[in-house]
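Two complexes follow with subunit A in common, the first pairing it with subunit B and the second with subunit C.
On to the complex of A and B.
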């Protein structure tokens, strides 16, 4: 079972397909859950504390806005941990944790810099594209360590 | 600042989405209640939220997914159901993540079609998925010209 980084990290489609085909999806929910379930000081809504931008310094320089560094404290550990990645480009939505274009650029850059296998896709707009989309993801996941060969 | 004590510590929450011609969210909820054994099930307009110990949640989600594998989709959720920081009852509108789900649920029938087609497809057949367009997008220099032409 390989750990697969998802982009957008909140994607239902990617999260489901990766788990369905026998691998572990690395999605934003895991990082949010970790913070939501850790006792400390109240910091609503996501329990992101002033410590997070400091942790983000591992992935972004100090002159980068704190919002980017705070987000990188969520995504950075998952990028470091990932053994593969699936990226859907040009998603129409970017809400919540995915709502920062500069962070999104940095995420894609760091994923590619790691040299792990990456599958680049677009959202399928019709059923024919849907068949090819699912087939491509299955084929990609089957080639990863721990997947069915 | 006040102390924060998490609710449902040690639990996991998973969304179960259903977009099926044969099953509604309430059908799914009834099936889930039958096998819940103390795990918290919350019925929603799109499906369910299942909260409990990871093994129990996986067992229930696995059983539910088997009812209609190509039309039931599952993902993790960070917050427990009804959390006042995320629940729309407190926000006065949809929670931020709803818009992402709304967008992807509009495309999910294409994924269902793909899942149905996979078993009949030869493993040697190369997929040709939709890939990012190579067409150049609006670059900064062109945008600058447009802005300048509007100002003059």
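On to the complex of A and C.
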């Protein structure tokens, strides 16, 4: 079983897919709902304190906005721990969404810099692409150590 | 009294750990923060319509929420826009949303860029101003002072007191703030003595400034109100521009205020926030280094040319370094004084005045408005004739005395 980092980390569907195919998803289980009644699209259910942006200094310098550093305090350890990663580009908000574009750029860069196996996919736009999307994820997960060979 | 509902448009406060501080600041002034409820599907549509191509989804959400407020799909009493400090994308959105809401609605709006160190205390005055505008529109519309009232402005550098009778200032008191209550008592004694009235004769008292709560309780004030709305009122009263637009600039000892005013009521405002190189404190230091009284700095600066001395720093230490270097290189005290005034005006212009809509008349108030060199420098930067009304240093106290008259029994 490999530890697979997911982007968007809030994607419950992606998280479920990885678990179904026998691996451990590294993600934030935040539900993106149809109605947004919180501060941001992926407002954390846990209470983040001003200490988190300070912990985020490990991944982003002090001149980087506090919101980026606060997010990195959550996602940075996951990236460090990951043995593989799946990145879905241009995903629909309902699939999973991360509110800050600067954090997203940094996360993708740090994942690629790790040198772990990474699957880069575009979000599917129709059913046919959707089927191929799931198949591509399955093929990728099958190649990972501990997955069904 | 129902709670004032403040709509929050933001990016990053929860992950910065400051959402709790924002909620606390609002609760302290009996207001509540809420997030305009939108459908996920509406975000893209509203964002496309607005036309500002940003990449962060939370900023797109903020834009969609601003449109919902302006179009009346969501009701609010005021708007608070907050984004991370040092994020360029968010700064563009913050400014454009503030302008958009100000131009297309009557909602009072304040914007703020936070770090993880932002506290409820820092946000309190801004939240209080938002709720005052939403809650006390009728009081803020008051244009005439009636009866015998007193206003006390307990500021970070000086404490001012003014006694007014039937729309006229009849007594003033002004002294440096040391022990807050003692300074207030002394300023009040000066003002009462100058007015020739007794404390018991006063029909109402108002307090403002940093020490407003403490002094207000001590004096059993009828009105305790933050300085943003009070100073706006005082400024347009003294400048006799109560109707129509105006801009109020107050460069204080500890922070600066820039307020865009319509009919005497603030629409948008900023309260800095920025370093001491852009405050009255730097001018105090300059006068000390030049060996002149602060009252002599203005006339001295009027005789000098700021362009002869390079001085441009947010930081009071670096600013003082420029000052010392210039004097050591043989610059004249006049040029140095002019450069110090220009430097302060430039920092305020660059850091704060970009966040409000400058509309004539521009009124400078507070103690620093008596430094002519500073007023000239600001006028040069804004390319306009600055208005400095008589008694401009008493602005908060005058505004307090004027508004307090709304609390006279029977009013």
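Here is the rule we go by: the second predicted complex is superposed on the first by the 127 of 149 C-alpha atoms of A that agree within 3 Å, B and C clash if a C-alpha of one lies under 4 Å from a C-alpha of the other, contacts with A are read in each partner's own complex, and residues count from 1 in each chain.
Simple rule for what comes next: a residue touches a chain if its C-beta (ideal position, glycine included) is under 8 Å from a C-beta of that chain, and two chains touch if they have at least 3 such contacts.
From a predicted model like this one, the values you see are computed outputs, not experimental measurements.
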A:32 contacts which: subunit B (first), subunit C (second), both, neither?
both
Can A:132 be said to touch subunit B (first), subunit C (second), both, or neither?
first
Quick check for you: in the superposed arrangement, does A:122 touch first (subunit B), second (subunit C), both or neither?
first
Tell me which partner A:19 touches in the superposition: subunit B (first), subunit C (second), both or neither.
first
Looking at A:9, would you say it contacts subunit B, subunit C, both, or neither? Reply first, second, both or neither.
neither
If touched residues of subunit A are counted for subunit B and for subunit C, the larger one
B
One more residue to check, A:67. First (subunit B), second (subunit C), both or neither?
second
Once the shared chain is lined up, is A:51 touching subunit B (first), subunit C (second), both, or neither of them?
second
On subunit A, the footprints of subunit B and subunit C overlap at residues 32-33, 35-41, 43-44, 47, 93, 98-99
Which positions of subunit A touch subunit B when the two form their complex?
8, 10-13, 15-17, 19, 25, 27-33, 35-47, 89-93, 95-96, 98-99, 120-127, 129-139
Residues of subunit A that touch subunit C when the two form their complex
32-41, 43-44, 47-54, 63-71, 93-94, 97-102
Which part of subunit C faces subunit A closely enough to touch in the complex?
8, 10-20, 35, 37-41, 43, 54-59, 61, 83-87, 89-90, 114-117
Seen from subunit B, its contact residues with subunit A in the complex are 1-6, 8-13, 15, 17, 73-80, 83, 85-86, 96-97, 99-101, 103-105, 107-115, 117-118, 121, 125, 127-133
